[in-house]
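Per-chain residue numbering starts at 1, and chain names A, B and C are given in the order in which the chains are listed.
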């Protein structure tokens, strides 16, 4: 499309709501934030962000709050529903219509698919989806893409391995959609059978992006630019023996990285458990902690855009 | 009295501590806040508000915090006693004498009657009662009154129906006292027998205000300016069958509103469960969400007054 | 040593990491804060403090937050691990390497000894230990020392009684070490046998400070300048009868204070349960609430120093 549509006042619900032009716009907003992040800024002074977390997620909440404070804004909200009036039986749309009076932007995390979309329909205040159900986590996808942009200078042409739980992990779906907006990106989807990416996601992204599926990370390790690791949760397996058998083969160690492509990077949405051995942390490949910093920058950029502080 | 007593440094414990002159003063402070709420303000810069919530109430807490932040202040506090040092057996007056060192104003919610009053006696820092026991919730009353003022231009002469749980609902007591300070206000108290307003409250307000009790909302719907709905809690009924029988008759629908007086408004302290049908939300009568906004304005006004930022 | 080592960027992990010169420097920083605390200040504007409380402690958290806000900074964090990603099995060093991207200073409270030290080794951002395990609570020691400095004008030569639980109370260990840096300080350690100060602490401080142990507060009450009371926790006693027998003798009343030295003061890290009778609160000896205020000042001073806002 390439048409310039302002992001001021827009909701950030699904990565699928945006064009490549929009995403590029968000990435360059993130670029502008580096200086402001370090020196502090006042461009969101007087603005209030409400975090409505119906499901706990400390790191996402702190990342948004850090972004808001670094731009001079304020934060209110709740971290879990137990302390919220949802206990009194209030429905989500009433909660949203109340909180829109308290804040200039709402950041919502909810266990149910569609919750953020509903919230966005109910209120005129911009809504940011900070994770809903098992499918969407758009700001994570933006920070992931931004990490690649910063580390390689471009996204077009990258070869990206996604490894581990591709079925339930909400970050990988949003990231796959985001990558499918770019040119000549190739995805290697590495997972046990039980945790393969869902058919409908594959069908959707398959129109724009080349992908192959596999079970063996070792086979493609020498070819990819990005190794995007994810956590495999024990709870996904009915048979614990199966989990134990699989676990080891989706674990990255320093030894494995000897077979890497030159300049390759390792990413992870965090928290990790043991998918990435601690001995990887000190290598030239590790980017998962720097990724956290890029997350602050990209959320600063998003907040500044949708609140109209930058264009 | 009409005597001009400054509100700077005053506690807001009970609506009964104030004259009509005081309340009118608070309402005009709220009026001054509209512009500052939208553009952001710095009149409370450097000031800290502590919210001591010994009982959870997300919406009240967020409303106060939004008010404080919009005036440039900061907020600290706790949302439930489980994380507080009260767990270690500390009494309320010690907690207050500690926290007065951390903040410039204390906002207290407590399950026990008299807790805020005690707090106010212990400290020189102004104390705001954000709900204590089943009787008082003065800032809710002020925002309710302010809503009527904004919607009708005056409070004198209004006819107000209070509907539902008039026995345990703390907002209706404070509101009834507040209304009794005005001229020619008439109250219609509509509730099941079990939930009638307490005798001592009636006696008290009856000196200054005309009221009638009833069970049937339909009968008086055509006469009143304000329909103030409240939540009926199942837990109040020993006999669940009795609750089920009553529930339906205290539920307002769009169809009911055909019999309304022209210009009448529907209010609710929120959260609602099903006392007001969702089909009322889009009607010209509904004011319960705008009421939330008036709540922010009136709390901004109160904080600015008691912290001496305006006079 | 007397060597001038800047505190900018330093961790505050253990009181034992500091020289007398350092501590005196912190005390004079606290002195500078009195005016800023009252009028509000902007010297930490744009800076973010993260409070990582893996163990609840409302008053310590609020004290740090109040200090940060009074200097114009912002605060993020969590109050208990239940809402944190530690639930997902993340280790402390990963949490720290994430949060260092969100904040300019980390304040950590953790049930395990050594947690803050570990955190400090992992990150370049300054780390403040707000209590770890049963041994260290350095900022409490600094505020205690600062209280004595403010009340007596000096610390050298003071005679200090520490009363109650000297075995498990983390504040007394840090305080004893801090006092051992000064000249001619004498400690009277008053506790039941079961709760005597640990041998290794005594050995350590005994090199620099004169101390005597005893069980009877009454005996030394006429000699000491400072009576530092602490809470005796029932849980420490296997035999409840023993607890009941002991409890009363470590309780300070107004009557006891008739035997005090002129100018003596009573301190307590709070919260108290019943070690200090309420009738002491109004006497000229009580300093435990003013101590809270000194705590805000000394934490303001520390934050300003380690964040490089003052030197």
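Just so it is clear, contacts are C-beta pairs under 8 Å (C-beta built on N, C-alpha and C of every residue); 3 or more make two chains touch, one makes a residue touch a chain.
Quick caveat, the model's predicted, so the values are computed rather than measured.
Visitor: Based on which chains touch which, is the overall arrangement a line, ring, star, complete graph, or other?
Guide: complete
Visitor: Given a C-alpha superposition of subunit A onto subunit C, how large is the rotation in degrees, taken in steps of 5?
Guide: 120
Visitor: Is the contact between subunit B and subunit C built from the same residue numbers on each copy (over half shared) or from different ones (under half shared)?
Guide: Since fewer than half of the residue numbers are used by both chains, the interface counts as different.
Visitor: Centroid from C-alpha atoms only, then distance subunit B to subunit C, rounded to Å. What do you get?
Guide: Subunit B and subunit C have C-alpha centres separated by 41 Å.
Visitor: Please output the residue numbers of subunit B that touch at least 2 other chains, ranges allowed.
Guide: Residues of subunit B touching two or more partner chains: there are none.
Visitor: Touching subunit B in the complex: which residues of subunit A?
Guide: Checking each residue of subunit A against subunit B gives 45-48, 50, 74, 76-78, 82-85, 87-90, 94-95, 97-99, 101-103.
Visitor: Spell out the residues on subunit C that touch subunit B in their complex, using ranges where they run on.
Guide: Interface residues on the subunit C side: 39-41, 56-59, 62-63, 65-66, 69-70, 72, 75, 79-80, 231, 270-273, 289, 292-293, 295-296.
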